[in-house]
Amino acid sequence: MGTSYWSLWVFTFQAIFNIYDLLLHSCFTPTKRSTQVNAPMRFGLIGTGRIGQVHASSVARTEGAELTMVADVFVEGAKKTAEQYGGVATAEAMDCFDSSKVDAVIVASPTATHLDLISAAIDANIPILCEKPIDLDITRVDAMRDKAAKASIPIVLGFNRRFDPHFNSVHQRVQAGEIGKLEQLVLISRDPAPASKEYLAVSGGIFRDMTIHDFDMGRFFVPNIVSVTANGFNQFSSEIKELGDYDATSVTLRGANDELVLINNSRHAIYGFDQRMEAFGDKGMLRVENLTNTNVRLYNQTSAEVKEPYQNFFLERYMDSYLLELAEFMKKVRGEASNSPDFEDGRAALVLANAALESSQTGKTVSVSV
Amino acid sequence: MGTSYWSLWVFTFQAIFNIYDLLLHSCFTPTKRSTQVNAPMRFGLIGTGRIGQVHASSVARTEGAELTMVADVFVEGAKKTAEQYGGVATAEAMDCFDSSKVDAVIVASPTATHLDLISAAIDANIPILCEKPIDLDITRVDAMRDKAAKASIPIVLGFNRRFDPHFNSVHQRVQAGEIGKLEQLVLISRDPAPASKEYLAVSGGIFRDMTIHDFDMGRFFVPNIVSVTANGFNQFSSEIKELGDYDATSVTLRGANDELVLINNSRHAIYGFDQRMEAFGDKGMLRVENLTNTNVRLYNQTSAEVKEPYQNFFLERYMDSYLLELAEFMKKVRGEASNSPDFEDGRAALVLANAALESSQTGKTVSVSV
Amino acid sequence: MGTSYWSLWVFTFQAIFNIYDLLLHSCFTPTKRSTQVNAPMRFGLIGTGRIGQVHASSVARTEGAELTMVADVFVEGAKKTAEQYGGVATAEAMDCFDSSKVDAVIVASPTATHLDLISAAIDANIPILCEKPIDLDITRVDAMRDKAAKASIPIVLGFNRRFDPHFNSVHQRVQAGEIGKLEQLVLISRDPAPASKEYLAVSGGIFRDMTIHDFDMGRFFVPNIVSVTANGFNQFSSEIKELGDYDATSVTLRGANDELVLINNSRHAIYGFDQRMEAFGDKGMLRVENLTNTNVRLYNQTSAEVKEPYQNFFLERYMDSYLLELAEFMKKVRGEASNSPDFEDGRAALVLANAALESSQTGKTVSVSV
Amino acid sequence: MGTSYWSLWVFTFQAIFNIYDLLLHSCFTPTKRSTQVNAPMRFGLIGTGRIGQVHASSVARTEGAELTMVADVFVEGAKKTAEQYGGVATAEAMDCFDSSKVDAVIVASPTATHLDLISAAIDANIPILCEKPIDLDITRVDAMRDKAAKASIPIVLGFNRRFDPHFNSVHQRVQAGEIGKLEQLVLISRDPAPASKEYLAVSGGIFRDMTIHDFDMGRFFVPNIVSVTANGFNQFSSEIKELGDYDATSVTLRGANDELVLINNSRHAIYGFDQRMEAFGDKGMLRVENLTNTNVRLYNQTSAEVKEPYQNFFLERYMDSYLLELAEFMKKVRGEASNSPDFEDGRAALVLANAALESSQTGKTVSVSV
């Protein structure tokens, strides 16, 4: 294990320490802030649901970031969030595109609003971090594609899992050549339990709502995908079946160099949020298993090495990745080197989701070019 | 974890102890043998290559079993094996079907001979344990199907992995309901390195030669398969590509109750023989990871919890399962309850392999009924 | 696993979530702070070395806490810390005992100053969180014992490891009876590398400087210790040997009910900071192993399941426990129920350290009563 | 990881494969045996209790070994064993020292008979493998010491754990320098449950009966021990307390180069037979954890990564080590290089046990020279 190996560890550790660093330096007394030469980056937040709360807290915990505008059509939600994390509450999303008050916008409102808000951000020349998926309708996305390509502002898609320290460490080590040529990527992603029927009904289906994360993760490791083969299953939920949706999937993506990306989903997993990755190359394999809150193990008469159940859902499992996603977005806003996924990444994930849906319905492999 | 849980452990432990038991009681002095009321079961072995050796040693290590006839067209191989494990050497396979000298036959000769030897066993009324695959040509298999169905002797196929103590324990625990309804079975099987080009050229291709084990394992857990979707890949071996074969695969089997069996293969794995299983149900999940020869772990300046490389290939990984396979076959010969896979299991695995090949070539899901 | 078991998990999870909660709510805009009904707790910090920095950052990251005074005889250190985390810098420790500016004091100055500062805190009626050890001289500690006992303010000792989420979870589960009667506690604690010779020369020796944490952890689980048997070793450091100190130890504490606390130390460990615990009872065992920054594992030609080296030292390993220690101290300051260790805990750890030193020098078990 | 590292793996693998090899070649047809140029080694077995059975089965499973004489004062036991594993049954131990019928003797009779049987073996010039402990009375051992030293036959003590593939692999890797200078050896050994009161009453006490294995293991890694410090505990068994014995211990051995051997015992462990080792050096650490029969793990609503309980006791845990112990003894009988522990090893373990008992009773460290 020579020098290059060590530089890798340093690399990885730095990624980790960035979190601590962000946390350690994320809080300032008013005095200190006033003495800053550079003013903090002012954020507008659109949408104050579950994900909106996560972004608000990320901004609050990040040094050099400030929440100045909070918009939600349910203005009470906006008020409550503003009260907790700062900023002025409004019912009007467009208030966030006022460059005298906001330097960058985070969009956590319903999917149907995403493209319009991206468009508004381009018009207002304000950088935007937009939650996934970019939209459920590829025609609408493609209609915006040119405008997005020509935009001078950063348009960043919220594929936060790219920034998870564990998955990101695998990516860095693969890039550094530690496992040689990447041949296979196995992603097992199972939610602890299905969302409500109301949510599912407008979710766009499992491929566009849930597998979308895995499609992006697949492209994070294998950017050029040439075909999609998918199967959908109805294993446990009559509700989901009635919606014409699947509750489990298997998907095979083929990369341009015959890489295999294998995805397996279920809408439930009794042991918690199941988020695993395996990168297999000709020189080795890197794997990420699930996380528990402590590393305590129990040994007794009926069993050995018993761990607690896994971290239960994304707020818990991906808390750090949301924070690091914001840090990366801020780099891009400042014009620094950044790995933030962009409009085209958002589109590509949707293209793959659509191809998977088609494949699962026709029983045929679907060619794509992303 | 109530009473039923405990009975499960007992169940599992018994399976394990059977191995020890077999070993502990597998050797007898001549004196003892002569006082036995029941004579030992006399075995004929056809084929003395790598797998033939394993079977010969299994017979030698098993109480109540005796090798009396060893056949190989390369008669030197037969002689060497007979010298080590007992029996009379012959170049003529048909010599093994002499019921005055042999009570049961084990076939470890090339695939092309399997059906004829099964036919001969039926004619001679001698029970047969035949290595997989049953044949590479489904028409030939189907031509024998009726005769096999009407045969009064046990015809057992050598899907030894069903008897691996780890996989078998998962099967028993799934059967006992420990994880509720089985929804998904994930099988990751990667060989340490490809066989020789000569072997590969006559192997019937990856699906019929290598994935065949996973097809049988899938059916061990989900007997009724209704469709097969497969992709083949050429990731690293130009030799294999030139043969028109794949060096990696992903396969999705759909069960009659929408169960998902997900198979992933590679013809190489630098870290050793990769043989994993994951059974996922609505009440829990059971997993088998790979095995090392000792459980020693190293901790040093560059890494922690380092294990040795995995057991390198099937002789090492599945030594116990061959022994248990033989024990189960002997039960069947004696007319006792037995879980040995039969002719139809051998045919079904071939049907699935053929369907996988077709699917990988046409890009279409193939319906099957096995 | 009945209801009580579940309540345990809830218990544990709450401990974990407290960290997230502290982090999530630890940052406020000036606006928000001004609208708070309760003013933040104002902290004075004495000592701005490595540990002082940790405490300053903990205060900065904690909601309702504010750093208002920072003292260090090296006033440049105080200034730098104040600039980063807030507060007024001073060279004079006594400036921190001004109740018009400070509600509570944290002492991170050299050990020799601890007792005087505790005394000053009592006189000023200001709650104090003082780093370990309380002093190196038991006579001096005992001279202060009465005054401390009569003090109306909280005097808290900085045994932060009690608040480590992993060890604390074991403690809670032991208290809840999960492993029955606690019989044995095994603590393996090895530093990654020895401190500088200068530090070691004034450290009071390995028992009072390093093992002191294990003595307190032992008492956290087994409060009444009746005897100490210790051995000291010189295994690798000639520097430490020249100081008349040991670089490795084994210690056996006997509890009043014949509990066994087994401690093993080394001043170096090439694989990182080694901090393990094993609680053994008549109904089961709970263990904590070491932590890595990610859970990525590597598999290659020479090894399997390779993890990164362990977290390297206490700033990394115990970051969370310092934060939770502060939260617990604040509860005590507010008069709420709190598990903070106190003056007597600080004294008891020193008594055990002294007994261990005596035992290691005389080769005799030493009776104690703490 | 250079060449020397690889040679280590090869080393380890060979140790493992030796087992398989022994098993694979351990059974012969009568025909074959008669054609052997070298006659098998003929064994006499004295004592047919639990351990006697293990040795009988080891002989039966070993190529080139034959059980020809079985002695037990309870002649029915001898008869039953002879019937199962071969040989002539007798009530008279001395019948085993007839060199016309026996080439080597294995002693598994009560401890009190060991020295006399060793003496008889020397007189008869027949190699002997004698179970531990050598005796409970050091005066009696020392009285035999000279005779043993002058004996021309191998006198081997049954410290089988030295041959456990896991512990032995650690020993080989330590010898090969993989962790640098060995500084600490931590042995945690806990029986699943205490033996019967009858057995315990004549066992010689925990140090001479149970810890004796750990004393030998300590000396396997650190041959020269200079002092012993021990504590005994009465934690759970009133029966054991009434016998004046302990049910738990902690022992510190000091090596001549200030190595630390730390031993921790309990007479019970609800999760199974607890047999762990940790070798700590200045370049790394090697650890052996407990074993389960399968590597299946369960994940459900209340817990994750659940393994089965550990292998329950020594017949299960150390089955392989008894077989390898016999193989090593046979090498010694044949005059080949061998690592079998001898009379002096048996004496040294008793010296350490006596010193531990004295230390636990006096509260003082006891100097030894072994």
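Going by the order they are written in, the chains are A, B, C and D; count residues from 1 in each one.
The definition used in the following text is that contacts are C-beta pairs under 8 Å (C-beta built on N, C-alpha and C of every residue); 3 or more make two chains touch, one makes a residue touch a chain.
Every value quoted in this text rests on a predicted model; they were computed, and no experiment measured them.
Each of A-B and A-C has its own count of C-beta contacts, and the greater count is at A-C. Chain centres computed from CA atoms place C at the largest separation from subunit B.
Chain centres here are Cα means. That of subunit B falls 56 Å from that of subunit C.
Subunit A and subunit B have Cα centroids separated by 43 Å.
The geometric centre of subunit A is 37 Å away from that of subunit C, both derived from CA atoms. Along subunit D, residues 1, 9, 270-271, 283-285, 298-303, 308-309 each make contact with two or more other chains. Looking at the complex, you find that subunit C touches subunit A at residues 9, 12-13, 16, 20, 23-33, 57, 60-61, 66-67, 83-87, 165-166, 169-170, 173, 178-179, 283-289, 291, 293-301, 308-309, 316, 319. Remark: subunit D residues 1, 270-272, 290, 292, 298-310 touch subunit A in the complex. Only residues 1, 5-6, 9, 181, 183-184, 186, 188, 190, 227, 229, 231, 233-236, 248, 250, 252, 254, 258-260, 262, 264, 266, 268-271, 280, 282-285, 302-303, 363-365 of subunit D touch subunit C when the two sit together in their complex.
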